[in-house]
Structure formats: C-alpha cells, structure tokens
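Both complexes shown next keep chain A, but they swap its partner, so chain B is in the first and chain C is in the second.
Showing the complex of A and B:
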C-alpha cells in the first residue's frame, strides 16, 4: 500500500487501456499457420517457453505504453532529514513606528526603514538556515498568526516580505508572545525551540497576559531572543532611570519587558540594535546559538516514470521484432527435414 | 532461406520506432496564463454572521470565505501567485506577500486558515476605504486584488455625500470584489473580552447612522436636536445590527474602481471569476508530446494483436453458417 501511495497517474482514464495487455496471451503477431495444430509437432518445452516469453514481451509492451500514456509518476514526497537548526517562531512588530528609520526619520534613499532592514536581514537569516522549521507571526494592535510552523521556506520568505508594508498603531507585545508560544506544534522537537522577537518598542503587559505567558513558558519552553531595534532618542533596555525619576512599566516599557522576560526562567538574550549593522550582528549571533539537532522534512519533487514505461515497452517491442526477424515459413524448412509436408 | 518481411513485421517495426520516439520525449513550447494576486479578507464583526451553509450546517461568512478561497486557489493554473491580507476598520493590512500557491499550498492553506476575526484591531468597517487601500497595496507590488466582503459599512455611509475614488495611478485596477453573505438580514454574534460568544448585537450596540462630516441640512427638524450636544439629533432606529450582503454598494464600488464583481459561489465559479477579472501573464511552459507517438504505437500494437482474433471469429462464424 505504501508503494501504491507514492505512485500517481495524471490521466486515470488511460488506465482503462491496461487490460489490453492481456491480448498477447490470446493472439500472436507471428504469421498464422495454415495448419494451426500442436498435435503435428512433438511436445517441446523450449518452444512452449519461447511462446510464453513472446506473449510476455507483447504484454509488457502494451502495458508499458498504456502506463506511459496514463502519466505514471512518483508523487512529490517529503523525507525526514536530520539537520542542524531550530524550530523558530519569528514574531515581528508591525507597528507603524517600524516604518521609520533608526534615526526616527522617514526613510529616504540613503537610509532604510527599520522594517525594511528587518525584512532584508530576516530573509538572509532564513535562507542561511535550510534545516529550520519556521513559523511567522506579526503583532501590532492585535496578534496575527501568518504562517504556521512550516518547512516551506518560500512561504517564510513571502511572510517576511510583507513586513515592510504599512503598519498599524500599537504594540501589544504580550499577546504577540503568547501567540508565538502557541505556534510550536507537536512535531517541533522540544529541545530546539526558539522565539525571535523583533520589535522597536514595548508596551505594558497586562497582568493576566503575564500569568498566561508564565504558564506558556513553563508548558512549552523555548529559548527567547529579543531583537530590540532602538530608535535614536528612545529609552534603551538597560538604562535604569536616574534616581528620583519614575521607574514603572508605563514610563520605561522596554526596560520592564526585559526584566519580565528574564524572569520567565527561559534561556533568554536581548540584543539592542541601533543600526542595520547591529541587527546583522545579532542575527549572526542567534544563528550561532541556535544550532541544535532538528528533524525537518525535505521535499523530493515528483518524478515522471513515463520514460521508464516507454523504455520497457521498447524493450518488449524489440524482442517481438527479433522474433519476427527469425521467423521462417514452414515450407522454407530445410529439405532434409523429417517432418513430412502436410497434405493440403 | 531468405527473410521476407510481411505487414506485421513493418507494423511492429513502426511501433518500436514510435515507442523509442516517446522515450526520447519530444516537447513543445506553450504558454499558460498565470496570475499575480493578493486576497484581502474582511474580518469585521458582520463576517461572523452564520448565514452560509456547509454540509447542511450553518457556517460563518468568514469560514466560508477561507474554505472557498483555498479551494479556488487550488484550481488556478500552477504558477499563479497569491498573497494574503485582512481588512478591518478602514485599513487593509498585508500579511503575506504573493507566493506560488501550487508549490507552497500547505503553507498558503495554513495562512488562510489562521485568519480569524480576533486579528481585527478596531470595530469599524469602512469597506470603501478598505478597498481603496487594498488597491493601493496591490499596485505597489504589481498584484491584482481580490477582496472578500459583505459590503456592510459600519457606521453606514452618508446617503447625501456621494462616494468618490481618487485613483492615484494611471492604470485602472484589475481584480475582483467578491460579495459574501445571504440576502436575509441575519443577526451578528457578539463576543466578550475573552472571545466568548455572548449573544447577538442589538440595535443600540451599533451606530445606525453616520455621524461623520457636517450635520445634514435638515438636522434642526430632527427629534432630540441640540446645536451643541446633539447636532445630528437622536440616533434613529434602524437595521444596521442585522447584516446581509450589500450588493448594490459593492457593485457601485466595483464600478468606481474598475474591479469586477461576483457573488461568492462554488470554488469552480470563484476560480473562473478570478481568471476572468485578473490580468493574465503568459508563462512559458513545456508540454510533453510523448503521448502522440506512444498512443500511435499502442494503437498499432493493439491492431496487430486484435486482427488475428477478429479474423478467427469471422472464420469461426463462417464455419458455423456453412
């Protein structure tokens, strides 16, 4: 059954021609004798064998042609391979501030926007790592799953390609992270899960969402990377406010998100990037850290078997033609034959 | 002892030559129309109305769109690219750049099935703004737009202000506006903060009339009018909390923008409507011609084997009648 499962045909109706392959067992392309009786000849196993072989040759010729016409092929398959990579959930900020540059200006020819830089470097990152399984989600005012965990890297590129389109208003990072935790499926091995959060800001995480995130972190542990695209003039992750200044998630959301993520008890790294070059370095660092054994599926493209069918058919036809070439008429038999000329 | 080829020999020889020709695999250059599309799905509240059916069970409009879109995408010619976006409030938002649907079908289907009303960031539903923005997004990546919506504007459009569309591009847009929903007014499910369904929208839950723009000229004569506190008068009674597909509005939008309009039907009809309204690009493909020699070889071989059988039957019948 597993073999039938991998074989496919393009035109099933052509399989209706396959029973014609039984014809050679009822008729022969060799010349008909005027006296078609075996009784005249002695029992000869060699002749009987040759007869059966010729019938079989005709059979494979007909069957080969019919299967070739039906378009027999090996279906596209995926094989499980072991590789070095990770199951990565990419969580990308699509808030409108991502559309400005690191210097907080509208992108011009000289300087690209944060989202364009993220797009370019994430595409690089994904194409460097063929053994990864990747899921992509975006978040802004609401979390949005884009591509579920997949091996299809072209789809991952398409999802990353959309991130420099215009974004939305807010940055609901908490629910975004919750979504990212939920994107690991059963077939993503637990030892190699990673969440890569790319954002240029943070926001207060609701107390209930914080609890849900702690639960999710305990249930499906993953290493966590936060790539913080720090805009010029904005507060950083590590800057503690000066004495006397307010220090709360409302005034310093980035610093407090960092403190919260550290408290989850997961392997966690934060990268503060102030330029596309910093982002590139951070991606390389994540690339280096996330080298774990993974199972991923590689696609084997469909393989046409029609040429093989036609080859087999040609072989059968060649045998028949050879038999035809060796064919002699009864009356041409050597004159000293002991077989008497049949009476007419 | 001379070899004298007969008709059967030549037939076999011809079959062998044809089979070898099929093995060699002749091909011809041909062209196939492919499309470059982005499908935008309306995820506003009215799309949760359950007025579609699947296998005799009620189905929400959004679920119907997701199912039909995936099935229609599978019916478009291979090489067609499709992206994905959502619409709510007054914005269309691109999730996925166009990708080859044939090659990445699992991922595309996964992306479509991941679209939920919970992605929506605002409650408004300015369908016309959404369509205009979708066209802008599509033009930026040179893709035609598919827009799935029930056409229900919330708040409703002002009837006294005509709809206008400023196409800031030279070419008329191509693509398809797909009307989703039934003709009967249907209640819209209502959800709480945790996404649990808690009944249906009531008349007072939604604006029954637009409050955008200056008050209409007859505002002073309306009940409850107060120049400072209620310049539009009282909110009138209405049926905006019920939903049905607003075909005239969608047809007008289609006329304004140059899009085609179709009511969402079976996947085959949807794929046909898409093919009829999107710009086809000719993609060169190689078609195998091996079936021609192979078919001929098969015909010759079958004739070769069947001829003696037919002759035997004929002679047998002759023997019987004699």
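Showing the complex of A and C:
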C-alpha cells in the first residue's frame, strides 16, 4: 500500500486497457506457419527463450502504452528526514528605525541599513542550515505572521527578503514574542526550538502580555536569542542607568526587556550588535548553539512517469518490429531444393 | 470444393501392384493364389491316379517317368484380392492438402481405380482419433468408387490428434490376406507406428509416408518462424539459423531412417509421397517392391 499510494494516474479509464497486456501470451504478432507436428523442429532453448521474450515485449509494450495513456505519475510526497538543526522562529522588527543604518543615518552606498544587513545575514543563516524548519514573523505596531513553520527554504528566503520593505511606526515586542511562541507546531520537538528576535529597540511590555508570555514560555519552552541591533547613541541592554536616573521600563525599555526575558526561565542569550560584523558573529554563535537532531520533512514534487512508460513501450515495440521484420514462413521458403532428399 | 477442382481427378491408370505371398480366395483374379487348378501358370505334375483329369495328361512327362506313371499337369490358382487403404485423417494430415494439389486424394483415387481395373476389390478405412464411419468403404467392385474417393477426400481435412481410431478400426479389415496401403505422415511415436503395423500382421502392408518438403527440406536460411501444430494448435517460435537448420534437417533424416527400420521389420519399405503424387514413381515403387 505504501508504494501504491505513491503512484497516481490522471485518466483512470485508460487503465481499462491494461488487461490487453495479457494478449501477447495468447496471440502472436507473427504469421503462423502450420506444421504437421511440433516434433519436426528440434528443441532449441534459444528459440524458446526468444518466444518468451517476445511475448514479454508485447506485454510490456501494451502495459506501457496503457499506463502512459493513463498518465502515471509519482504523487507529490514528503519524506521525513533526520538532520542537525532546529525549529527556528525568526521574529523581525519592522519598525521604521530599522531602515536607518547603525549610525542612525539614511542608508547610502557605503553603509547598509539595519534591515538590509539583517536580511542578508538571516538569508545566509537560513541557507547555511538546510535541516532547519523556519517560521518568520514580523512585528511593529502589531505582530504579523509571515510564514508558518516550514521546510520550504525557498519560501523562507522570500519571506526574509520581504522584511526590508519600508517599516511601520512602533515596536510591540511583547505580542510579537507571543506570536513567535505560538508558531511552534506539534511536530517540532521541544529540545530544538529557538526564537531569534531581531530588533533595534524595545518597548514596554504590557503586564497582561507579560503574563501571557510567561504562560507561553512554560507551555512551549524554546531557546531565546535576542539580536539587538544597537544604534549609535541609543541605550544598550546592559547599561545600568546612571545614579539618580530613573530606572523604569519606560526610560530603559531594552534593559528591562532583557531582564524580563531572563526571568522567563528559558535558555536565553542576548547579542548586542553595533555593526553588520557583530550581527554576523552573533548569527554564527546562534548557528553553533542550535545544532540539535531534528526531524524535518522534505517535499518531493510530483514526477511524471508517462515518458518512462512510453519509453518502455517503444522498447517493446521496437523488439516486436525487429521480430516482424525477421519473420519467415515455412510455406514461402524458396522452392529450389538445394538440400538433397533425405537419404533412406 | 469447387466443380473445377472436382474435374481435376487424376488420370486413370493401372498400377502394377502385387500381393506378397499367395492370395487366399476362390474368386478368380489376377493374383497367384494358394491351391492348384486347371488353368493358369504351370505349377507341378501330379499322378493321374491322384487326380483323374485325363484332359491334362502330360505325354512327355509320362514317357520320361522311369516308373511309368501317368502325369497330369497342375496349374496354380489365381484369385482376386482386396486392396485396402488405411488412411490416417488426424489433424496433421491437413498439411499441404489445401492447395491445387491434394496428393493424398490423388493417390487414393488412383489406387481405387487401379484396383477395379485389376479385377480386385477396393476398400477404405479412414480414421483420426476417432473412426470415420462416413468415409469407410467396404471392399467393393462398384464402378465409380474412385471418383467417390476423390470427392470425399478432397473436401475432408483431418482433425484431432493421434491415431487411436485407426488402431480401433483394424478389425474391420477382412480376415483374408489383403494388400493394405497405410497412408499417413507417420508423425507418431515409434511405439504407435509399431503397434499399428503389428496389428496388420495378417496383411501385406505397403506404407506410404506423406511428407512435405516445406517442413523437411525447403527451410528458410534465417529468420523467425512461428509454427502452429495442426493437431494440438500449440504455437512455437523458432529462430531459424544455420545450426538449427542443420539440426532440423538432420532430425528429419533420422526420423525417416527410424521409420524405415520399423517398416522393414513389418514387411515392405515405404513409398514417400512428397508434396505431390507422381504416379510413375508410385508404379516403380510397386514394381520393385520398394527396393
């Protein structure tokens, strides 16, 4: 059943012709020569084998034609493969600040924007890891699922390519993270889940959202990586506020997000990147850390077998044609008796 | 069968057939018979006391007899015989009989005609796997039996496999020694041929082997030949090539030699009816006794 299920036909009615394939075993393409007795011809294994081969050739020719007409194909199917990688949810900041460079300027020829750098390095990251299943989501004012957890790296590349479109206003990290947690499906094993958050800033996370995030982290634990693209002049993750300065999520959202993420109790690492080089280092680090055995499915596209069927049929037909061209009949043999009368 | 073909009946001709050994029978005929009588070829002398037939006293023999006995001439009896054809009508006998010439029908009609002309009776038994009562002809001197045989056999292809019917019909032959032409292709197991001829021990048997050069000599040099057995209908593919052709010819030669051994064990050698009936060759065969 397993391999029969793999095969499909486009025109099942043409399979009605398939029983004709038994015909060569009952009839012959050659004109028959009547003989008084079988015993006249000496036994000849080569001839007997050839007879069977011709019948078989006729059989495969007819079967090949019937299957070819029916449009035999291998159904599209997915193969489960074991690889080393992870189930990665990429969560990308789409706020407008991502469109400027690390130096907080409009990108020019010399310096690329943060989103362009992120796009390039994430594309590299994804293509380096063929065994990964990747989901992509973006967030700004609200979270946007872009592509669910998938093995289709083509689609993932396209999704990543789309993130340097002009960004939107705000940065809603909390709901973005909630979305990322929800993107892991049942087929991803818990040990190999990773969320890569790429952002250049943070925002205050609502208390209710914080509770929801704690719940989500408890339900579907995942390693958490925060790739913080630090713009020149902005506050860092680890910068404790100067004495006397207010230390609140409102004034230091990045520092407090970091603290909050640490408090989730998940394997967590933050990377502060001040340049595209830092980003690439961070990516390599994540790459190194997220090497776990995973199961992923590879899709094999439908394969048309009709050309093969026709090829086999033509092979059989060529054999039959050759046999037909070699056909002789006893009655038609030359009448000059070159062989002397058998001696008494 | 068309009228045109029917009119192609073989030209009537006499055949110099003889019965080996002496015929038994009282009806006057052309064949040397047992017993002695008053007419015919001289046989021996007998004493007048033993056979009081004063008309046939041999004066010279009587004078030369040192004991002075009177000698009477005796002449051998001549009687007629029954000429029978025992015809194998199994499927294989269909072969090469559907064309312009039907050598088997020609042969049988010629024998029938010659038998009547030779003052003998003609009869026929035809059988394949089953006896063919419709084709059987009791020993007869009816005029036109030759034409009847010709018509019947022209339209009668063989069918079935084996000669069991022929073996069963042997007891329909007369108990008196007759001349029996066994017409068959003898494509039988040696044992069956042997059994058939052994069943004819009482008669003078002249086997006639129906053969065709198409399957014995005129074989194609190379090619694929698919044969169909006329008796069993079995198909068989043969890749004709030099070695196989030679093996085939050799096999047919060996088969013929084996048949000859069986025939000689039971009496006469056989006449080969190859492709068409040659009445002169047949007459030669009868004259020479096949030697």
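By definition in this document, the second predicted complex is superposed on the first by the 253 of 344 C-alpha atoms of A that agree within 3 Å, B and C clash if a C-alpha of one lies under 4 Å from a C-alpha of the other, contacts with A are read in each partner's own complex, and residues count from 1 in each chain.
Just so it is clear, a residue touches a chain if its C-beta (ideal position, glycine included) is under 8 Å from a C-beta of that chain, and two chains touch if they have at least 3 such contacts.
Keep in mind that what you see is a predicted model, and the values were worked out from it rather than measured.
Of the two partner chains, chain B and chain C are each touched by A:328. Looking at the shared chain after the overlay, A:28 reaches both chain B and chain C. Contacts of A:176 after superposition on the shared chain: neither chain B nor chain C is touched. Looking at the shared chain after the overlay, A:313 reaches chain B, while chain C stays out of its contact range. Touch criterion not met for A:201: it reaches neither chain B nor chain C. A simple residue count on chain A separates chain B from chain C, and the partner touching more is B.
By the touch criterion defined above, A:276 lies against neither chain B nor chain C after alignment on the C-alpha atoms of chain A. In the superposition on chain A, A:54 makes contact with chain C only, while chain B stays out of contact range.
Contact with chain C, but none with chain B, is seen for A:46 once the two complexes are overlaid on the shared chain.
Chain A uses residues 28, 30-32, 328-329, 332 to touch chain B in one structure and chain C in the other.
Residue ranges on chain B touching chain A, taken from their complex, read 1, 3-6, 8-9, 11-13, 15-16, 19-20, 22-23, 25, 83, 86, 91, 93-100, 103-104, 106-108, 110-111, 114, 118-122, 137, 140, 288, 290-291, 294-295, 297-298, 301-302, 304-309, 311-312. For chain A in complex with chain B, the residues that touch the partner chain are 17, 20, 23-24, 26-32, 58, 61-62, 64-66, 68-69, 94, 138, 140-148, 150, 152, 154-159, 161-162, 165-166, 168-170, 306-307, 310-311, 313-314, 317-318, 320-321, 324-325, 328-329, 332. Of all residues in chain C, only 92-95, 185, 187, 212-220, 222-232, 234-240, 244, 247-253, 255-257, 260, 269, 274 touch chain A in the complex they form. The touching residues of chain A, counted against chain C in their complex, run 28, 30-42, 44, 46-48, 50-51, 54, 323, 326-335, 337, 339, 341-344.
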